[in-house]
Structure formats: structure tokens, C-alpha cells
Amino acid sequence: MAQLVSLHDAVAELVHDGDTMAMEGFTHLIPFAAAHEVIRQRRRDLVLVRLTPDLIYDQMIGMGCASKLVFSWGGNPGVGSLHRFRDAVTNGWPVPLEVEEHSHAGMANRYVAGASGLPFAVLRGYRGTDLMKQTATIASITCPFTGEELTAVPAMNPDVSVIHAQRADRDGNIQMWGITGVQKEAVLAAKRSLVTVEEIVDHLDPVPGQVILPTWSINAVALAPNGAHPSYAHGYYDRDNGFYQQWEQISRDRDSFTAWMTEHILQPTAADGGATEAAS
Amino acid sequence: MTSEGTAGARLGWTADEMMTIAAARQLRPGTSCFVGIGLPSTAANLARATHAPDLALIYESGCLGAQPGRLPLSIGDGVLADTAVAVITVPEVFNYWLQPGRIDIGFLAAAQLDRYANINTTVIGDYATPTVRLPGAGGAPEIAASCREGIIIVRQNPRTFVDRLDFVTSVGFGTGPGSRERLGLHGNGPQTVITDIGILKPDAANCELTLTALHPGATVEQARASAGWPLAVAEDLTDTAPPTAEELQRLRALTTT
Amino acid sequence: MAQLVSLHDAVAELVHDGDTMAMEGFTHLIPFAAAHEVIRQRRRDLVLVRLTPDLIYDQMIGMGCASKLVFSWGGNPGVGSLHRFRDAVTNGWPVPLEVEEHSHAGMANRYVAGASGLPFAVLRGYRGTDLMKQTATIASITCPFTGEELTAVPAMNPDVSVIHAQRADRDGNIQMWGITGVQKEAVLAAKRSLVTVEEIVDHLDPVPGQVILPTWSINAVALAPNGAHPSYAHGYYDRDNGFYQQWEQISRDRDSFTAWMTEHILQPTAADGGATEAAS
Amino acid sequence: MTSEGTAGARLGWTADEMMTIAAARQLRPGTSCFVGIGLPSTAANLARATHAPDLALIYESGCLGAQPGRLPLSIGDGVLADTAVAVITVPEVFNYWLQPGRIDIGFLAAAQLDRYANINTTVIGDYATPTVRLPGAGGAPEIAASCREGIIIVRQNPRTFVDRLDFVTSVGFGTGPGSRERLGLHGNGPQTVITDIGILKPDAANCELTLTALHPGATVEQARASAGWPLAVAEDLTDTAPPTAEELQRLRALTTT
């Protein structure tokens, strides 16, 4: 049974320095409020895992939370670069960042293997690319029936996975819909899991396209209204494309980045700190 | 782009507009297209708005048959889920739909391209100490491997058309004839490269990209000067038909909303 | 794009003697009307693939359509045995029946591999059981990262797969909901596919728990109202548990079986022949 | 069953009812249980109707947390989907939920059982030329392999409690201590076998099933006579508490609707 707790307490209990942590959400339902709480609690040496680091990891990397990034596409979608990610990789600012690089298909299948209790997954991928030279977690495997050679990737089993969903009921069952990406796999692959939600309701009325996570399959649920902003929550609010575009300017420069994070995230009265308030 | 400026000055459209329109024309009605974000998404949605309304767009976010009324900024915008025939998970879109070769066309962009239409979207310079860190692979390696055919859209200049890629992110024809078969890549590989200068297709014999068409206002000299290798030019070089008024109007409507 | 055709024409075009054919539906949405059309068209030497042969394959086996059965559980759920299946296995009546036996997990993963364009699937299964001795399509495989030994099963790629769904639209897009079992995988794994539906509508209104198959992923759609009976169609009609219980008596004896099939299936005016009428 | 008749004659309930009630009592509140059809489904739903209303029932048809008001005839009845917390696909229930060891209890029936609680549900006699062809494996091999613990419900007589299985469909403790570890089976194996005579548990040292409790009216001699091997009996043999009025009433309500 999942515990209903505040976002502050959930992060304090479930996220530890040095953890391998996945915070998933494919463009949609990105758990920004939880990431901001991790930043406020000054977690360090995290191995951050995500298909698309997006702004959420650009912020955590720039604030020095991460020592390693496992990912497959590190850009600001439709806008350009992730400058904090770039600065960490090329200049080691604020701390050096090791990268482990895959394709989306490889990352997705690593979560699938993790969720399935298997040590590896098989796919048609990577062959002929330089990723096979640079990434140690890619291997070849031979079909025992046909002799065909394919690619294997190891299971991804984070110490903790964090996702954002639209709703939970009071028993802690989770309901999300719209683009659900790899969130179910990320949660089921993890040793510990936290789900932030827009609202907690008495009854989860069925919704087309819904994905349900039973309460006994997760550890904690925390209320975090607007908790995906500037990403979006289908049926609640739209993606703040304007902010994704502004991030290009905010993040390009170290000082403007630090100033913005200090004003909006580190100070509890911050714009989307409201999510934290509501949950604590 | 200089080409953009000059073309824009000479004609009633920019070289980028010509490139996007020429790319859209390549998308046949009734086919399915795995769409990368950026230029491919713009061209694919232009095709839907003009000659191929039944083009099935597949986005790696899990949207099958998305029919956005406006251009999505990201591949996971809500408008894609709202208008899709089906929304599925990311593992499913790669494992059940892309990997088996169900998708007709894989439509990709590139930061660097070589003569065999291999693509780099990972780093400029050395991998360990890059001069420019690019976003990386995303869905591209498997899109390039498994779609029935590939279409690539890229601005053509000496920085993008290089003799040797700094990093092979996605495989076109590898090192030439036989490479795809040896690697076990089931798709037929990139069949068309559309640039702001013209259209290139792989030579049937040696798989090397060959200039087969020039956009209005572009020249062979310009195309050669914009490539980091001795660019092959087809004997039966054709001229790209200029944008129609409808194509320009639809494209501008898409990109300004 | 899927063709909208009559059930008669769909079976005539898509199902050939000697085909490997999967007709899936896990208790729910079992495509009985299509099976009856296959029986009427006197198909022979079929390799029938299904997790649970159920009454649908008991009928086809008893009518001599099959030379081989690939399955994982061959009983009449909650009632007892499949007598025609037993008679074919133990006495070769009406024709000898070869069996290839798996577990549900193995069969499900064979379809997953088939749908994924992979030659095999990996699972934790079969180890220590006699299935590994009797079934050639089970092998061991070693994890290239951990060295752990696991089980591999080959992809199942039927020549033709047939399922029943609640609805299709006029473009041939398919919508089903409730227990959807392995139907998506069975269809995507097949070289050819046929979907029978309760009704064809102008627009597929979204339904919670729905699974959608785009028209371009299947070959043919045929209207077959009541086409799952005595199985059920969620939202349309319930499972005819009474018939499943009567089948115990009908099928126990060769003559009573043959008489029942002749009266109810072979004659076009048969009880559920209505499905065929409506579709042709 | 003779035991059924005699017990039924002597007491206010049948041996099957006692067996089902004793099995239901084994299911702890707040746990998850992967339920086979038949006797396990009846006992699991009785547990929900009595002491464990929050027992999460998992059916291989893809129903997680099903809460049927009446007994399903099959594991795929509509009532299971209508009342489930979530309905998922069959590949998912086995790959994402059973295989990783997320399910606490695997609840199985058996046609034959041996002293190490290995199960046969495939054939009686030779595999190629069986005297009785049974349904086969279904979900059982992986349920027995991957659930945290196993519970088996089976009527006890010389035909079911055999010295040697005709076919090993699902593994309990294999050939004894260390077998599960050698085979890489992550679950802890069958911890309880409930029959119409009593309750058996594996010996901590040698894994062999040992009679630990007798149902009212049953005797050690009857238990020994009903086993095809020299049956071990615990020194601290206990008596099963008789069915309560509520247990009998709930069970009969379930099985008659």
C-alpha cells in the first residue's frame, strides 16, 4: 500500500545522495515539482536516468545534483540546446558529468527489462553506430533458434523512480492518461517509487487511454498541483511552450541560471513552490 | 544560411521554404511516416495539409496517426495525443510498430551527413571532449534501421555535408554496398535527401548520394561548393518545380500559428 | 488500409489449407463465427495456435481442420475436459493431432517476439519442468551482462491471425475493450490478419480500457454480430456459461458432436449462422 | 471423493468445504494472490468475503485486483474485468507483474503432487501416448516459479499424492534442498498444501511435505493411506478449527450463486 505523504517528506525518505534516480514523463507529465524538491533538499552525486533530460535535468545538473546522466536525447524540444547539460559535459560546471548514452529504443527496453525482472532486453538497434563503441552497456546476442545476431541492453533498475500523474484515490491507486511514455515501466523497474499527482479523489472514474498503477505497486503518493509545469498534465493544463523558449535565455548563462533557480526554486515562496506548499 | 538569404531575396520564398515543400512532396498519400521533430514534422504536416491528407504520422511519444491542426513544438504535445488514432506507450511504438518494419517512411534531420547518408546528431569534435555537444540519438538509429525507406532533410553546407562524420549516430548505407545487409538492417535505407539547394538520391550501384534535382535559383557549382566531398551529379539533373501558391500559403499558415 | 468484406469472402481469401493460424481471445471475444466459417469452408491441415484451445478449437479439431495444435492450456474452463481435443490426441480421431505445448507465459512471449520483429523472446520460465524435454521450441540463453541463464522461446508469426472486436469504423480502424488478452500481439505478429466485429460505426467513441488497431495494421474487417458467442463481447452480451456446460455432453460422444456441428454449424441456417448471413 | 461422503455424513459440512475454508484462512489480508481457476478461485473469493476483504486477486486474463461479487466460471469472466482495479494484457500480467516476483501468493490446484510439492497437470501415463490427457500448464509453471510463496489445494488420495509424477508441469522443491536455487526460481516455493484431509508444509530441512494439521474427523491413518509415499507427520500435529457458521454461509452463498 502506498503512503500518502507530503512531497517534502517523500523526497526526504525516498531519495538519497548517490541514488540512481529516474524521473520520467515523455514531454507530458514531467515531475518538475519533485525535481525542485530534490534540488531544495540539496541531493548530490545522483545518477540521473531519463530518455529526454529536458529542462528538468538541465536544472538539476546546473544545480550540481548529478554526477552521471544516462539518457538518449538531450535537447530543448523544438527550441535548441540544454545549456546546463552542455556546460557540464564540456566544462565540468558546476561539477563533472559522466554520460552514458543510448537510443530511445534502447532506454525504453532497459526499463522494460527492469520492470520484467529480466537482466537484459533484446532489440534491433545500435548496429553500425558509434554508440556501440562509446557505451559499455550495449552488447551483441545470438538467437538460439536462428543464429541471427541482435543487440542486448542491460535492465535499468533505478534505486528510485519518480513520475507525475493526474490523479490518485485515497488508497493510493494511480491514474494517468494522455501520453504515458515509459512511466509504468520506470516505476515497476525501480526499488522505490514516488508518484506526485494533480489531485487526490475519492474515486478514479475511468478515462479512455488511462494507465492504472495499483497502490501496492508503489511506495508513496504526494499531492503536487501544477506539479508538471512547465510540462503539462492532459486534462488539467497545457504545456508552457513559452517557458521552454524563455529557458534558452535563462539557461544560456551561468549567472542568469543561478539567479533564476535561486529566486524561483530555492526560495519556498517560489512561483511553482506552490506545489510544495499544497503537499506539505 | 546564406542560401536562404539570397534565395529569399531573388524569389518569393526562402530556401528553407523550398526545402520543406520539396520534402513534403516526397510523402505519398496512404503511407505511414515516423516523424522526427523540427523540419521533418513541418514537412510531414504540410504534406497532410496539401496532397496527402491520409498520411499516417507516427511520433515516438506514442501517437499513431496524429492529425495536429497546428505544428507541435515538441513530439509530445497534447495536440498529438488529442488527434491520434491511438496513443500507445514508448516501448510499444519502438517494439511493436517501428522495429518490425511496419512504418513506410522514416523522416529524419541531421547535423552532419556523409556521402553514404550516414547521420551524426551526437557530437562535433571528439566524443570525450566535444567542441559542440549535440542532443544525441533519440529515436533516429532505429528509425534509420527499420523504416521501409528513409528521407532526410538537412541544410546543405560544408559544415553539414562532411567527408567524414565526427560520430555515426544513425546508419544510412554505412561504408557502401552490402553494409546494411551485413549489419542486419531490414529497411531499405535513405532513398532521398532534401536540402535547401536540391534533392539527392543514392546511386543504385555504389550507394553514394548523387544530386538529382536543383531547386529554382540553385546551381551545380553552389551544390558542389556546399559539400565536403566531391559531389556526384546525375546526368539527367532535373529542376524542382517552384512552390505553388497553395503550398506556400499552407506552409506559412502552419508555421505562423 | 483494411478491406471491409463479408466473413465468407475474408476466410476464403485469407485462410488457406496448411496455414499456421492463430484465433485469439482470452475467454473474452473468442472469434467463434470466423471459426465456424473456416469449418464450413472445409479448411484442412491447419496448425492451430492459441493459449487456450477452448471450445473454438475443440470444434475445429473435431471437424478435422487441424493437423497440429500449439497451445498452453487445453480445458473447458470451470467445466472440465475438451473431449474432441482429448480424442484427437489419444485416438487420432478424426485425424491425428500433433501437439506443441507451452506455458501461457511462453506463448504470450512468443506472440510478443513475433509482433516485435524479433526472432525470439526471453523469460523466466519452464526451468525444471518436463516441458523442456517434450517441446523443441524452448531453449536456454545466457545474459551477456550477468551470465545468468534464462529461457528463450522462438517468435510466433502465424500465416494468419483472426480476432473478434466490438467495433470498427468505416475506415477499418478497430476498437476493443474489456479483457484484450494477447489479441494485439497475435494480429501484429501475423503475415495476414482478419478482425470480425459486432458492429461497424461512423466514429469510434473512446472507451476506457480500449485497444485500438489502426486500419493500416490489418488486412480485413468482417461484420459478425454475436460473432463471439458462446464467448462474450464486453458491453454487448455475456458469456453463455450454460453452453460451455452443455458442451461437456455434446462433445463427449463423437456422434452427438458430429450431429450438433452438422445441425448448427454446417447448415447455413444454423443458430449462430446469423453472424455469417449478416456479414455476407 | 469417499472422504467427502464420510465427512459430509458425520459433520455439518463436506470435506471439500472444509478444504476450501482451510485454504481461505491461509490468505492474509493486504496481500496479493495470483489465482488459478477452480478450487483456488473459490477459496480466494471466500477469503475476500470473510477475513481478507482487501486481498488483491490477480487473474492471468489480465485482471489486477478483481473483486467479483459472484464466483467466476472462468478466469476471464466479464465480472472480473468489471470489478478490477486495472485490466492489462496477458503478456503484461506475466512479464511486468508475475515474473518480477511482485505477487505474494501463487495459489494452484494439481492433478498429481509429489512429496516435494511438484505438480503435474499435463498427462496421466506416457506423454506420447497418455491414458488421460489433462489441460496442461497454463500459467502454473511461472506462478510456481515466481510468486513469493505458493499455496496448493488438492484432494488427497493415492491417485493425486503420488510417489513419482507422470509429468513435471510446475516445480515445487524439485528434487529437494537447493533445487530452486539451482534452477534460478526466485520465489520461495510452496509453503502450504491444503487437502480434504489436512494441511501439509515442507520440512525446513529436507523440503519434504509433512502433515502438520488434520481436519475435524480425519485421521493420521487416513492421511497415510491417501499418500503414494511414506507420509511424514509432524510431532506437533494440530487440529484444524472447524468451519464457523459464517464461513459455511459465505462459502455456500458464493458457490450457489
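For reference, chains read A, B, C and D in written order, and residue numbers begin at 1 within each chain.
Definition applied: contacts are C-beta pairs under 8 Å (C-beta built on N, C-alpha and C of every residue); 3 or more make two chains touch, one makes a residue touch a chain.
In this text the structure is predicted, and so the values were computed from the model without any measurement.
Asker: Using the stated contact rule, I'd like to know whether B-C or A-B comes out ahead in C-beta pair count.
Answerer: The comparison resolves to A-B.
Asker: Distance between chain A and chain C based on Cα centroids, please, to the nearest Å.
Answerer: That pair's centroid distance is 40 Å.
Asker: Using mean C-alpha positions as chain centres, tell me how far chain B is from chain D in Å, no decimals.
Answerer: Distance between chain centres, rounded to whole Å: 58 Å.
Asker: Distance between chain A and chain B based on Cα centroids, please, to the nearest Å.
Answerer: 29
Asker: Which positions in chain A are in touch with at least two other chains?
Answerer: 117-118, 123-124, 148, 150, 184-185, 209
Asker: Which residues belonging to chain D are in contact with no fewer than two other chains?
Answerer: Counting only residues that touch two or more other chains, chain D contributes 95, 99, 146, 186.
Asker: Name the touching chain pairs, would you?
Answerer: A-B, A-C, A-D, B-C, C-D
Asker: What does chain A use to touch chain D in their complex?
Answerer: Interface residues on chain A, with respect to chain D: 1, 115-118, 173, 184-185, 188, 212-214, 216-217.
Asker: Can you list the chain A residues touching chain C in their complex?
Answerer: 117-124, 137, 139-141, 143-146, 148, 150, 152, 154, 206-210
Asker: Touching chain D in the complex: which residues of chain C?
Answerer: Touching chain D: residues 26-28, 51-52, 71-75, 77-79, 81-82, 85-86, 89-90, 101-105, 108-109, 111-112, 123-131, 134, 148-150, 178-182, 184-185, 209, 232, 234, 238-239, 241, 244 of chain C.
Asker: Quick check: in the complex, which residue numbers of chain D touch chain C?
Answerer: Touching chain C: residues 37-38, 60-63, 72-78, 80-81, 87, 89-91, 94-95, 98-99, 122, 127, 129-131, 133-142, 145-146, 167-171, 174, 179, 183-186 of chain D.
Asker: Within the complex, which stretch of chain B touches chain C?
Answerer: Interface residues on the chain B side: 30, 32, 56, 64-65, 85-86, 95-96, 99-102, 146, 186.
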